[in-house]
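Across the two complexes that follow, chain A remains constant while its partner is chain B and subsequently chain C.
Let's turn to the complex of A and B:
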């Protein structure tokens, strides 16, 4: 394991960005997001979750797919350059690392989504272990270890040092390219102590006892038809906050935009909470907010695992828990349907 | 709080309504979710965290049979009048219990103060005693009040059937609600443009501001209607989210009650209420003082015409500093 003093993080960031673009959690104008590093950037590694997850870097909220231009009788079609420049994402929490695995299952299975793939291939992911989990955290119920995040490189901020451990070939290549900023960490007891401490905290968190057995052991249609949905959805405003702050929500829409000089075909995040979600020529399969609300949780907790070797498509990051305007959330749904502590 | 529950029980027992729309406790000690209770009032709660405006939920509730008892804070009561005036809700199907308000606490501000891992919150006077997995913390509730409460219209309910009298002394220092608008007005057009660009460009098009707004009660919003050509789920270009908010502000002009919910629910902390307040200020100056939702009958200043009305050129004159 390598390390560098936490007050020299800027040196690390500058070394990384000499060779590649670097994205990391920044504070900006009363909000937070993964953004490109520069010397003026206000980096915040204490924040547990950015408002939007790093999903945007691989699957942007809005992305041009192609452009059409008509001159006389000639129509030209331009597609964007798919050779994405190599970049590094730093400070990704264990839950968000897992969320990228969830997205991989969707976009990298046949037929491969080449727009996603090019960004995914270009990225080196550097994770950051959690040191102060919050009450909205429940990654542990999905088998995620917040103290031992996966990714190309894992890091820990403990006792004024950043500890650095490459986990993959990509991670080793990055480490090699910037190794002069590090020193060898002879003593890693600070990391071990933090891991132990954080694990003890996680056990005390209110959502850490949520139980998913109900979703694993019951028939899909029984869950679908549960009477509890009637009460659960009641307060839902039908806004898209939960879906847009979610690191794993991956539904999108494709639209054409008339620029006045041509057409841009773009895709953008869609939300199952919206009334025109999956609207098709034959009509709308989910006409009420109850059905839309149910869809979101059935997808995360039932349909996705059925199609993906039992993997849930929630990672317990807690963003929807914190951001729902009326404080509905997946934890409440899991508990109400049958996940008692 | 117990007074409120007792009153609700009494009213339901007297048969004034067959159900009650109120706030329900949720997962965390600060979660207050709008909810309807019938016989079992378990989980009904009215306290410092009951910030959600319930007025818009009456649209759905009054489509059902029977009569609904609703708990109303002063700021939310303006929304009820607006919805009655716009024929969105049926007054006959509602029984309004006015509940006193001494400002609501913003959980995000508690968390921004560095408090994490909250297990429990107890309120003793102005002190919030917060039990967390990282130890016991204390905060003065006046430091963490919702922004919308700091410049609200006051403690008056504008509509109710019955009222629970306020027995608490107001000890919160309020700010003038136009103060921030005046600061924006004092900026140069370039500075103001930069301000709104930097704020609005944070928008993720989640529509929370629109969906929570009591003045946004169209059955089908133009931005959701795929036949209009302007429907959009995300911003196809870098100015589109600005247009969304500007158009929405125009649409609710003269109707916005200034309840502050738009800014409260914004996941990106965009001060959307400032757009609406600017409109309110302009309307007050051009057409005389008007408070939307003050009553359920007065015609709004932008929905009728008099010969004395300002000419459209006031806009151009204002634009030239």
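Let's turn to the complex of A and C:
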């Protein structure tokens, strides 16, 4: 393991960005997101989770897919270059690392989404272990270890040092390119102490006892037909906030826009919480907010696992818990349907 | 334009337009350099688009045995279809596909007596299978085609039905319209009732497409006659954007209509939520 004094983090960021673009958690106008680093950037590594997850870097909120030119009756299609500049994402929490694996299962399964794939290939992900989990956290119920995040490089911020450990070839290559900023960490007891401390906190968190057995052991149609949905959905405003802050929500829309000198076809995030998501000239298959609400959670807790070796499409990051204006969230759904230990 | 992604369409040119009914036109489509934009199997779909308007999933109505061009029958019922109806021969559109699964013409349907039941524009996806079967006539048994629409003028492809299908060997065509009409001496009544009257032998395999209300009552009728759900196929339609099982729109239970469908057997649909 390597380490670097926490007051020299700027040196690390500067060394990384000499070779590649660097994205990390940035504070901006009272909100936070993963943004490009420069010397003026307000980096905030103390915030547990950014408001907007790093999914934006791989699956942007809005992304141009192609351009069309029309000359008379003729149409030509221009597509953007497939190559993406190599970049590094620093400070990704364990839950968000896992969320990228969930997105991989969607976008990298056949037929591969090349827009996502090119960004994914270009990225080196440096995770940051959690030091202060919050009350809204429940990553543990999905088998995620907040103290041992996966990714290309894992890091720990403990006792005024950043500890750094490469986990993949990509991670080793990055480490090699910036190794002069580090020293060998002879003593890693600060990391071990932090891990133990954080694990103890997680055990006491209010949502860490949620149980997923109901969703693992029951038939899809029995869960779908549960009477609990009738009460659960009632407060839902259908605002879609949960889907936009969710690191695993991947539904999208494709639209055309006439720029005045050509047509751009772009995709943007969409939400199954909206009625026009499924509205057709011929009718509406999900007629009320109950169907739309149920769809979102059935997808995350039942449909997605059925198609993906039992993996849930939730990572317990707690963003929906913090952001829902009427305090509805997946934790409430899990508890109402499946109970708690 | 070398990028290979299923979201990127091909350019195609409209090489023929037939007005079928007051609101349905059939479009012949070719690659700009001639030939078909791509190959497909009966029941598969394509995303059709006029850039600047939008893109929508449309069933390919021509049979893959047609080696010269591809056809789409399109009912005017929304923004994009309105714009498509305003197109002329020689205009270019974009297509991407083939998308979705297909009717099992090479496996389960082979050697079977087939009953095609369609209502209105629902004939479009079945027409691909019907013509495929007629072009490989020896591979299939007796063929019954039950087709209904609101009026005689709303029957899609009336000429082909009369001049090709009705004259093909071992094919029975049963047409019906909702209400009596002056120039109509055929059957009058709704499709579900007509199917019951026909007393079809229950060892046949059924392929059905039409408005949800027709599907619902015809299915009930077929079950009453003694058919099982394993013998009845349908093809579905939901709103779609990507066509490859990623945008999330056409999700029913663990299935995506665009990728796992659009062709389903009714016993498969029984295991899914009723959200279609």
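One rule holds for everything that comes next: the second predicted complex is superposed on the first by the 335 of 341 C-alpha atoms of A that agree within 3 Å, B and C clash if a C-alpha of one lies under 4 Å from a C-alpha of the other, contacts with A are read in each partner's own complex, and residues count from 1 in each chain.
The rule we apply is simple: a contact is a pair of C-beta atoms (placed from the backbone, for glycine too) under 8 Å apart; a residue touches a chain by one contact, two chains touch by 3 or more.
Just so it is clear, the model here is predicted, and its values are computed rather than measured.
Enquirer: Should the superposition on chain A be reported as showing a clash between chain B and chain C, or a fit?
Expert: They fit side by side.
Enquirer: Just chain B (first), just chain C (second), both, or neither: which does A:237 touch?
Expert: The answer is first: A:237 touches chain B but not chain C.
Enquirer: With the two structures laid over each other on chain A, which partner does A:75 touch: chain B (first), chain C (second), both, or neither?
Expert: Second partner only, chain C.
Enquirer: Give the angle at the C-alpha centre of chain A formed by the C-alpha centres of chain B and chain C in the superposed arrangement, rounded to the nearest 10 degrees.
Expert: 90
Enquirer: Which partner does A:180 reach: the first (chain B), the second (chain C), both, or neither?
Expert: Once the two structures are laid over each other on A, A:180 reaches no partner at all.
Enquirer: After the superposition on A, what does A:207 contact: first (chain B), second (chain C), both or neither?
Expert: Touch status of A:207: first partner only.
Enquirer: Kindly classify A:220 by the partners it touches after superposition: chain B alone (first), chain C alone (second), both, or neither?
Expert: second
Enquirer: Can A:323 be said to touch chain B (first), chain C (second), both, or neither?
Expert: A:323 contacts chain B only, not chain C.
Enquirer: Applying the touch criterion given at the start, work out whether A:52 contacts chain B, chain C, both or neither, answering first, second, both or neither.
Expert: A:52 sits against chain B, while chain C stays out of touch.
Enquirer: Once the structures are superposed on A, label A:29 by its partner contacts, choosing first (chain B), second (chain C), both or neither.
Expert: The answer is first: A:29 touches chain B but not chain C.
Enquirer: Is A:255 contacted by the first partner chain B, the second partner chain C, both or neither?
Expert: both
Enquirer: Nearest approach of chain B to chain C by C-alpha atoms in the superposition, in Å, rounded to an integer.
Expert: After superposing on chain A, chain B and chain C come no closer than 7 Å at C-alpha.
Enquirer: Intersection of chain A residues contacting chain B with those contacting chain C?
Expert: 253, 255, 258, 270, 279
Enquirer: Any idea which chain A residues touch chain C in the complex?
Expert: 65-66, 68, 70, 73-80, 82, 106-107, 111-115, 220-221, 224, 250-256, 258, 263, 265, 267, 270, 272, 277-283, 285-286, 291, 295, 298-299, 302-303, 306-307
Enquirer: Help me check something: in the complex, which residues belonging to chain C touch chain A?
Expert: 1, 3-9, 11, 13, 49, 51-55, 77-78, 81, 90-94, 211-212, 237-239, 241-242, 244, 246-249, 251-254, 271, 273, 275-276
Enquirer: In the complex of these two chains, what residues of chain B are touching chain A?
Expert: 24, 26-28, 31-36, 52, 57, 111, 116-119, 132-134, 198-199, 202, 204-208, 210-212, 220, 224, 226, 229, 231-237, 264-265, 267-269
Enquirer: In their complex, what parts of chain A are in touch with chain B?
Expert: Counting only chain A, the residues touching chain B are 28-31, 48, 51-52, 61-62, 132-136, 201, 204-207, 231, 234-235, 237-241, 243-245, 253, 255, 257-258, 264, 266, 268-271, 274-276, 279, 321, 323, 325-329, 331-332, 335.
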